[in-house]
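Take a look at the structure set out below.
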Amino acid sequence: MAASKERKRRYRFAYMMLTPGVILLIVFTFYPVIYGLPLAFTNYSAVDTTDWVGFKNFDKAFHDPDFWISLKNSLLYVIVVPVIQILSILMAVLVNNKLRFVQFFRVAYFIPVVTSMVAAAIAWKWVFEEQGILNYFLETLGVIDEPISFMAEPKLALYGVMCVTIWKGLGYYMMIYLAGLQSIPSELQEAARIDGAGWLQVIWRITIPLLMPFVLLCSLMSVMGAIRVFDEIFVMHGPKGDPVSSTLVTSVYTYKLAFQDFNFGYSAAVGLVVSLLIMVLTILLFRYTRKGGLTYYE
Amino acid sequence: MSEAASLASPERDRSRTRKRRFAKKLIAPLILYPLLILTALICLGPFLWLLSTALKTGDNVYAFPPQFIPNPITFDNFIDVFNIMPLWHYIWNTVYMTVLGVGLNLLLCTITAYPLARISFPGRSFIFYAIVSTMILPNAAGMIVNFIIINKFGLYNSMLGVVLPSAISVFNIFLLRQAFITIPNDMEHSARVDGAGEFRIFLIIMLPMIRPAVATVLIFDFMAFWNSLIWPVIVFDDQSKYPLGPALQYLNGTLAYNFPYIAAGTIISILPIVIIFLFLQKQFINGMVGAVKG
Amino acid sequence: MERTIRKSATILAVTMMMSSLLAACSGSNNTPDNTKQNAEATPSAASNNTKEEGEGSKQEPEKKEPVELSFWTISLSPNFDDYINGRIKVFEDQNPGITVKWTDLPYGAMENKLLTSIAGGKSPDVVNLNTGMTMTLAGKNALVDLNAEATEEQRSIYFEDLYNSTKLGNSAYAFPWYYGLSVFAYNKKIYEDAGLDPNKPPTTMEELKQQAITIKEKTGKYGFVPSYNPPADFYFQGVPIISEDKTKIIVNTPEALAWAKWSKELYDKGIVPKESISADANYATDKYQSGQIATLITGAQFLNRVKTNAKNIYDQTLVAKMPSLKPGGKYQAGLMNVVVPTMSKNHPEAIAFANFITNDESQLAFAKIVNILPSTKKAAADPFFTEAGTDSESMAKVITAQMASQAQDFSLGIRNEGEVLDFLWKGWQAMLTGKETPEEMLKNAEENMQKKLDEINAEN
């Protein structure tokens, strides 16, 4: 009797604690999502009258070459994930050393994360331009004779933006991995070392397995980030994904449809299709990985 | 860390370990520092270029081949930026917005994450997965709906209207919940045996245990609020209420585009985040080590 | 462990499906009144806000209650604060009972803020927009038709071609404000280095091409950065683009092919930088300032930037009239407009202010502080525009002012013109990068544009 009373008291406490947060989430997160879903079946433009159009928007999307291009580019963008993860783990290992000035390096690696995208884009344009710094170095070193146009060549433009995403993401994931590395009891590594394991073996046998939940969490975040990439492309290549739609990704395309063409309905439909795809991807990612970051601790 | 390990190791291993450690002490920095510096150059390169541009005089900004170290160095661009716009005022707005936003986030996210992690009340998984699902669901009309709501609440042109829609973040809840879960049950039990109330347990026992996660949330939220660009412009009707991000966009206008000013403005806007990070990063690491070792 | 994961993934999936189902159910009730809500948002917002006290006064201009107009501009602050505030003061003095609240939006924030505000029932009264954005909004019935609501007196002060840039059928949706015409600025020193006579700037595009080739050969620098605007370029070359009755797209013509081939040759041979494919005005100006490009085809207002950012280049700069695309043809004017959204609650006052801020007096005063051209006839006739100084900036002013009567901001004059013109922009880029030949590009663009146009015409 007393135990159940005690339990009820705890439940009441739980609900009390949850209330403010859940109310805010309902108002500012759930409500817009629920409000937004049916828009995909309308011709909502935000400024004019709205009519139901049924599945017309979806039909339109399937026949819209730009939609397919943007989807392809968004999926292609996921290749930044392994690059970011491997490099940021290496960086975390690097700054996990007890060295002088290591604090300084941690901060230095984190600066791209906190730099606004507007500033980063200005700087990276300067790197990639025909008369930019990258071409300047390559020409000075004699690697190339003619400058390469990293920004204007449709085959290269998307990879150029990927470099910015990678550059800007490394510090973020490095910090998470650093936290992960420091959560590994150092006794374990020390003990292994005393047992005669080399540093490579220590990393392979102890560090990486214990880091796995972090890798999964980071990969998941990174995949979602990659599929939703927006800022870099919008600032560097504009809402149309210049040149020739080569940098058009789904988020930029939905933005353009909504805010430049005022086709919110169609934009919502495209967004819905993409979200369904992300959902499937996420579920697959969970199913085919051994330890899900979501449930690791349970 | 090494102390604990060497105490545990047998007597005869000691000298060997010491020797190896000595070698490591000499060689490791020789490999590590060049690596560290190289990585730093790549990470900081574009940032350093902004800095050098901000310190250049007009003619040298567009020099080709590019001038890496400004000569002469001038601080005029920084002074000018402060003169052409009320930058201190914008900085104050940004601080106000950021403190309010981060404060609300820390409060709301911790109290939401805590029961989700530690109390198995009915409906817990439903609420948790419903919350997590919003990370994936589309939010096509999000900005418009949020604006309509803010308007209905009479929060148009107010700081609360800017901050409230992002006062709670699903990602933070997720992160903090994860941190709360890892705290061993014994702590909670002994506190309960001592007769501490639920809220007291949360505040005095549990919250200090997740300092690292709180520091992480703090850093990322700080960044997000500090750099926010579009939403404040939508909510605010008065230019004088804008935070730094949109205010600096004025330097980017077509009729008055001055690259050194933009560079200087950007450096000014990044500095506080770098300082906050510098300061919190130690907390973050110490808190982390404390949580693991304690 | 794996089972747990599978379980949780299933729960996740089920939850999400449930929530979307839920949403779909509630959605069926939700969206019909979504439209209503849009309309309703207006009065409810007004009741919250003191500023719309003059509500319902829309039809009766003789009301006494004070009106506050909100006026939004793009990126004029802080440089032109004094000018705008000064004009507002004059307007308020002339019109007691009306106050104007000016908000200048940072570059790039306008589309977001405007759309969200109109949808949320917080529409501004007077807004500064470019022609493209004006046409898109007009196509969605979001702007006041000035042919219907403004007086003849208000409309008659503008150049007809400029006023008609935002025409859609028999309606016109904006008062033209300021614009810039391009001049041909060139670097004397680079011309001399290339063995060209700096006193003989090109007068036709063909001459420009020859000079650019010489400059590239002799100095290795680029001759110019073309700022492509395919629809306008074609139009001013004599390609009709659209038939008079707005039913047929006409893009695939010999003139169009000649221009496409001409441009592609320059691009392929590396006479112009590859980045010109998506370059904006900032790009060309930056390159010119660094002395990497011999000439700058730019709005006269941008010369001021060269002057402040790179004085040594500015000192070597000479200006001349733009080489013409077609003898005696018209010139593209990048026009800024002032519009009144339909959702504004004070149409007559808003129109009056929109007219005031673009009238002869206001525009002349504006032109005196920044190198732009006025869109009104009387202001353009002011002696100020013929008084040449010796510096490049004021020479540019005189040159462009002479061209003012030939200025036009190209638009198709149909709803959703952006969606139709998109094919031309994309095709142009595809052609330059070699994905399509000029012939293919014109053929495909014409087909796709026609298809889109038919769709649009069918909808209305």
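Side notes on the structure shown:
Should a chain be cited, it is by its letter among A, B and C, assigned in written order, with residues numbered from 1 in that chain.
Here, a contact is a pair of C-beta atoms (placed from the backbone, for glycine too) under 8 Å apart; a residue touches a chain by one contact, two chains touch by 3 or more.
Note that the structure is a prediction, hence the values are computed from the model and not measured.
In terms of C-beta pairs in contact, the better-connected of the chain pairs B-C and A-B is A-B. Chain A has the C-alpha centroid lying closest to the overall centroid of all protein C-alpha atoms shown.
Work out the mean CA point of subunit A and of subunit C, and you get 33 Å between them. The centroid of the Cα atoms in subunit B and the matching centroid in subunit C are 38 Å apart. Taking the mean of the C-alpha atoms as each chain's centre, subunit A and subunit B sit 16 Å apart.
Across the assembly, subunit B contributes 64, 130, 132, 136-137, 144, 229, 249, 252, 259 as residues in contact with two or more other chains.
Residue positions 33, 35, 37, 39, 44, 46, 131, 258, 279, 282, 294, 298 of subunit A are each in touch with at least two other chains.
Of all residues in subunit C, those that touch two or more other chains are 8, 12, 16, 19-20, 112, 115-116, 119, 290, 292.
Considering their complex, residues 33-35, 37-39, 41-42, 44-50, 52, 129-131, 146, 149, 151-154, 237-238, 240, 242-245, 258-262, 279, 282-283, 286-287, 289-292, 294-295, 298 of subunit A touch subunit C. Only residues 1-2, 4-6, 8-9, 12-13, 16, 19-20, 22-24, 26-28, 30-32, 34-35, 38, 111-112, 115-116, 118-119, 136-137, 140-142, 270, 273-278, 287, 290, 292, 343, 416, 418-419, 422, 425-426, 429-430, 432-433, 435 of subunit C touch subunit A when the two sit together in their complex.
Of all residues in subunit B, only 1-2, 4-5, 8-9, 13, 17, 28-29, 32-33, 35-36, 39-40, 42-47, 49-50, 64-66, 108-109, 111-112, 114-116, 119, 121-122, 124, 127, 130-132, 134-142, 144-146, 149, 164-168, 170, 173, 178, 181-182, 198-199, 202, 212, 216, 219, 223, 226-227, 229, 245, 248-249, 252, 259, 262-263, 266, 269-270, 273-274, 277-278, 281-282, 284-285, 288-289, 291-292 touch subunit A in the complex they form.
Taken in their complex, subunit C has these residues touching subunit B: 8, 11-12, 15-16, 19-20, 37, 41, 44-45, 48-49, 70, 74-80, 101, 103-109, 112-113, 115-117, 119-122, 281-282, 285-286, 289-292, 301, 305, 308-313, 370. Per the touch definition, subunit B reaches subunit C in the complex via residues 58-59, 61-64, 84-85, 125-126, 129-130, 132-133, 136-137, 143-144, 147-148, 151-152, 154, 156, 229-230, 233-234, 237-239, 242, 246-247, 249-250, 252-260.
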